[in-house]
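Residue numbering begins at 1 within each chain, and the chains themselves are lettered A, B, C and D in the order written.
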Amino acid sequence: MQIGMIGLGRMGSNMVRRLLQKDQECVVYGSHPDVVKDLQELGAVGADSLENFVSRLTKPRAIWLMVPAAVVDQELAKLTPLLDSGDIVIDGGNSYYRDDIRRSAELKSSGIHHVDVGTSGGVFGLKRGYCLMIGGKTSVVRHLSPIFAGLAPGAGDVPVTPGRDSHSSPGRTAEQGYLHCGAHGAGHFVKMVHNGIEYGIMAAYAEGLNILHNANVGTRSGDIDAETTPLRNPEYYQYTLDLPEIAEVWRRGSVIGSWLLDLTAAALQDDPALAKYEGRVSDSGEGRWTILAAIDEAVPAPVLSAALFERFSSRGDADFASKILSAMRNEFGGHLERSAPKTGA
Amino acid sequence: MQIGMIGLGRMGSNMVRRLLQKDQECVVYGSHPDVVKDLQELGAVGADSLENFVSRLTKPRAIWLMVPAAVVDQELAKLTPLLDSGDIVIDGGNSYYRDDIRRSAELKSSGIHHVDVGTSGGVFGLKRGYCLMIGGKTSVVRHLSPIFAGLAPGAGDVPVTPGRDSHSSPGRTAEQGYLHCGAHGAGHFVKMVHNGIEYGIMAAYAEGLNILHNANVGTRSGDIDAETTPLRNPEYYQYTLDLPEIAEVWRRGSVIGSWLLDLTAAALQDDPALAKYEGRVSDSGEGRWTILAAIDEAVPAPVLSAALFERFSSRGDADFASKILSAMRNEFGGHLERSAPKTGA
Amino acid sequence: MQIGMIGLGRMGSNMVRRLLQKDQECVVYGSHPDVVKDLQELGAVGADSLENFVSRLTKPRAIWLMVPAAVVDQELAKLTPLLDSGDIVIDGGNSYYRDDIRRSAELKSSGIHHVDVGTSGGVFGLKRGYCLMIGGKTSVVRHLSPIFAGLAPGAGDVPVTPGRDSHSSPGRTAEQGYLHCGAHGAGHFVKMVHNGIEYGIMAAYAEGLNILHNANVGTRSGDIDAETTPLRNPEYYQYTLDLPEIAEVWRRGSVIGSWLLDLTAAALQDDPALAKYEGRVSDSGEGRWTILAAIDEAVPAPVLSAALFERFSSRGDADFASKILSAMRNEFGGHLERSAPKTGA
Amino acid sequence: MQIGMIGLGRMGSNMVRRLLQKDQECVVYGSHPDVVKDLQELGAVGADSLENFVSRLTKPRAIWLMVPAAVVDQELAKLTPLLDSGDIVIDGGNSYYRDDIRRSAELKSSGIHHVDVGTSGGVFGLKRGYCLMIGGKTSVVRHLSPIFAGLAPGAGDVPVTPGRDSHSSPGRTAEQGYLHCGAHGAGHFVKMVHNGIEYGIMAAYAEGLNILHNANVGTRSGDIDAETTPLRNPEYYQYTLDLPEIAEVWRRGSVIGSWLLDLTAAALQDDPALAKYEGRVSDSGEGRWTILAAIDEAVPAPVLSAALFERFSSRGDADFASKILSAMRNEFGGHLERSAPKTGA
């Protein structure tokens, strides 16, 4: 099947590569000519303008946008006038699902179909395949099946979930790694929550490893002053643990085995102290939107929100709140803030 | 190598089975004669008394205790008088690591070695192998290598972590699924934090799936009264999502793939509404101890603690706190508590 | 000064009473004629229709809306056509500040001024006065000063904050209990965060009192099974504490003295077991919006969000998440859910 | 009544001053001779050695220890041999209640009584009085009533809680600001939870004020890159709020009025930007122990624990966890950590 790809960054260009490997026809357009050229050498059709790109696509056109969420509207504004009724625009980036609902309605007036696809897989997707969460009209989503199947991992050697008949029941594509989740926005809604979960899982590992990292706190010479709580039982915190080995052993047979753990093991293997990082953790929207959804639904999400807030804190955004706490302590107890840096953490 | 196993419950008996499959010699003792008999038929040597059990073991004896944490001390009180200097007692259950430190010191006076082993793998361990986190004296741990190697999953087909030379460097056993973590208690300390992480990961999935489960909140007729916050944008919550399919699709290629997700997919496949559960979640100690360690170390663990507290709440332990909140609201605002059950969640 | 009041519920009618006591002129309109009659007897001018209400007000009219946030737009739709350029509409309810921004822009086209006032004080406001947080155009807010001053508590006998010159510096009205916080929406924004803080404070007391309430957990006969974590040191939890007395003693001299504590003491005095409450805690919007603001600002709010989520949980909204946890535990460990009710909490 | 005071730091010396004002007889002993001399001038009897101190006390001696929790045991070791059966030792510091239980049992063998007193009031206690939470034997506690009554605030002008008969019912001393909470340790247990609540309340104010502080986030020029989530609606975050005035207005009539708010208003009045603080917040034990108690009791405490963890984070103790998160993000998504400092928070 033919697909046009706009946006040839890390994600978009790898998706083209994977589709080419799966014998799908790709027309590509992006701002970096050398990437276009690279993909052409792999079999893609390159375009040097948006007009040229559109003209090379067979109607009904299927166009995949793989651009930052912040520029989707401006890309659509340029693209839409060039399209015809029946054409399909697929937003595979990290758009907010509410924008999908709006855009699908806007495009509908021109007869253009909108499909939203939450895409997980990161830089490994080229090799492992991408997990695709899809929202849109059923007939349109079905029409795009060859593309989704090409991008998705396929059943692979993942064990069959007990109770599922086979890997290939018609219409049940989850085992292949892609799923039509529901109406417009449903794909990005599911992807949003997926990322919210991801934040929580990542934080669980990070907090736990930090506890292991500090299991030697009893060996450190403690500050003895009124502003520091003494450790009552230093004898229980005498372990200097080898985190790369621990992450490695957990990869086999343990309940907490996961792909994120595999990646953590790799990062710790490479740099056990993680010295090249400052510990300022970005967040990219979905984690925030997940909490907004939880609040709208009145569903408790203390773990997912704590994970999000830890990222904010890591960037210094709690500083003013902390100053207020120190100021209060000074007011009521005359407690002076201890400014000396703490060692060892 | 010969090992004696005390405690033939779900975990202990499966571990014997696995060791027998790996051609290790097992002497077994437990309170259920039929289990002993079953294991005898698989090649184990059965014992009908503790004395008999001890007498059938070759010195230096290696005895694995697989009993509830609450009874380890009484088991040791019966067992220790029958042992000789040089014998080894392995606690493979869920003991608190501080008890390991105490017990290893107590046993040392009789020349008996203590080894603590955190064992992860659950009911699947027989087939998948057990991930073993070990604490104790190096020479003793090395002596037990054949047992650990038999129980552990081995390298299997888990991808090699980039940067690790090979699967079999001497002394680096993590790739085989077992690890000598450190001195007495280190095994259970690492297992404790492992379980703390497990609580966090489980909660992340549970909260996220609950948000997906309630993505249709906009379709429900809302209560319109002063005590209920209206949903501002019901049009954004019109999705009735198929959780079993979503859990399934995430198993392939997504960033949040994990063994716990595999199990979640299986549970949802079996019973999408999870109607057979009340939602009263037990906790078994390690999650609590993880938070105690975090506090002693002054390491933030908001995600892990939130996960623990959600379990407490699920069992009604926040009820009095909630009554205080309702009482306060009544006091300052004359707000009457709404007692009618909420639908749809 | 003359003020028209629409909405004569608990809050609105008490505010009229207070203004009448302060010799302000009140024209009142509401759906319950008997309340209108009561207020008339206290000196208010009653109106039996919106038209009649408007006609009795002197231009430029000052009209205070004290109605549920959900009906403000429909009230404005009825009221606005009757007003003239230069008139002032004050929204004293719990509107979302974003609606203030929208409404002030809409009204501006008709030359009508909009002022948003966050009003704190609850049922005690009649006697104690109302704390007012105000947003809008400076000249309009100043014009309304007599009304604000009448509703607000005044300086009273609250100790002067060190460093503040006096209680009556011109333009600095905070000591009188009302404050022009900023442009349109600023009043409700500050009130929103005020309520978010309120949720956090309330939860802090509630959690703490729950811990005191359960300080006798060591006296209860514990369940002894694999699904229940035994209490390691029951001897440390033998206290049966008298919560009403404790709340009372904290009211004098302690760091945690507050008005909410006064109310808590009253509630506990009245009903130490709070048996008349189920513990289903409502929330009324501001707590949620506070977290949305925190997330938009990337400011960590783990305490405020935990307080909100506890309310959701109290209403059963975590149940599906809890079922997922029980299902996972059953899958990996064969753990059966314990359904028996727990005693004593 | 006569009392001996050991420990003449900020708290101890002020307590002596207050007792002298209440015409109680004070014998004092401390490491700083000039403080002893100051108190002598106010009417105290000074001692220059522990022996001298003990000899000046009438049997049965009542000795109040006001020393850091970490040195109580060594003080008792020196003091106890000098005492006689029937003497009373009062620990008014911040001891862990479990130590009270142990010490009271140890002292009992010598016939010495132990009383634990949680003391709240901070540097303002001299003037406002101290809120006292007391644990010990009833007869001994009653014997000390004059001292407790002298230190406590008394009924003062705090409004009577509705339903309480009068301020002076015999044995009901809570209205006077002191309370016999229960057996040994009960005083410090209640004080511990009191401080846990204090942490939660403080955090609620701090988080809320931080949200207000950042209400102008829409006015800042945002970073436009893939690692920064854009603010969707900057028009809603255009408020530059005057925090000292807001804290001030909340002091009158609002639901969140409290003594901690009074102090916050004072701190903000003095230094609106709190520029003299770094935001490294100490914690002094009780907050930690409160969470340990909650966990032992299986009582959820998400707000109190979040408040504690925020303090840990403020001191950099989450840094390694944050590095792990950045490392994971780099692994799966090739996300580079943004190191540039964020402005404006």
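We adopt the following convention: contacts are C-beta pairs under 8 Å (C-beta built on N, C-alpha and C of every residue); 3 or more make two chains touch, one makes a residue touch a chain.
The chain list, named the UniProt way, goes like this: A, B, C, D = 6-phosphogluconate dehydrogenase, decarboxylating.
Here the structure is a predicted model, which means the values were calculated and not measured.
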item: Chain whose mean Cα position lies farthest from chain A; value: D
item: Pair with more cross-chain C-beta pairs in contact, given A-B and A-C; value: A-B
item: Gap in Å, rounded to a whole number, between the CA centres of chain C and chain A; value: 38
item: Computed distance of Cα centres, chain D from chain A, in Å; value: 43
item: Chain A and chain B: spacing of chain centres that average the CA atoms, whole Å; value: 28
item: Overlap residues in chain B, where contacts from two or more other chains coincide; value: 122, 203, 205, 207, 210, 214, 229, 232, 255, 259-260, 266, 283, 288, 296-302, 306, 309-310, 313, 315, 317-318, 321, 332, 345
item: Residues on chain C engaged by chain D in the complex (per definition of touch); value: 97-98, 101, 120-122, 125, 128-133, 152-156, 158-159, 161-164, 172-179, 181-183, 185-186, 189-190, 193-194, 196-201, 203-205, 207-208, 210-212, 214-215, 217, 229, 231-233, 235-242, 245-246, 248-262, 265-266, 269-270, 290, 293-294, 296-304, 306-307, 309-310, 345
item: Residues of chain A that touch chain D when the two form their complex; value: 10, 68, 70, 96, 122-124, 202-203, 205-207, 209-210, 213-214, 224, 226-230, 232, 259-260, 263-264, 266-268, 271, 274, 277-285, 288, 302, 306, 310-311, 313-335, 337-339, 341-342, 345
item: Chain D - residues contacting chain B, complex; value: 255, 283, 288, 291-292, 295-302, 305-306, 308-310, 312-313, 315, 317-318, 321, 332
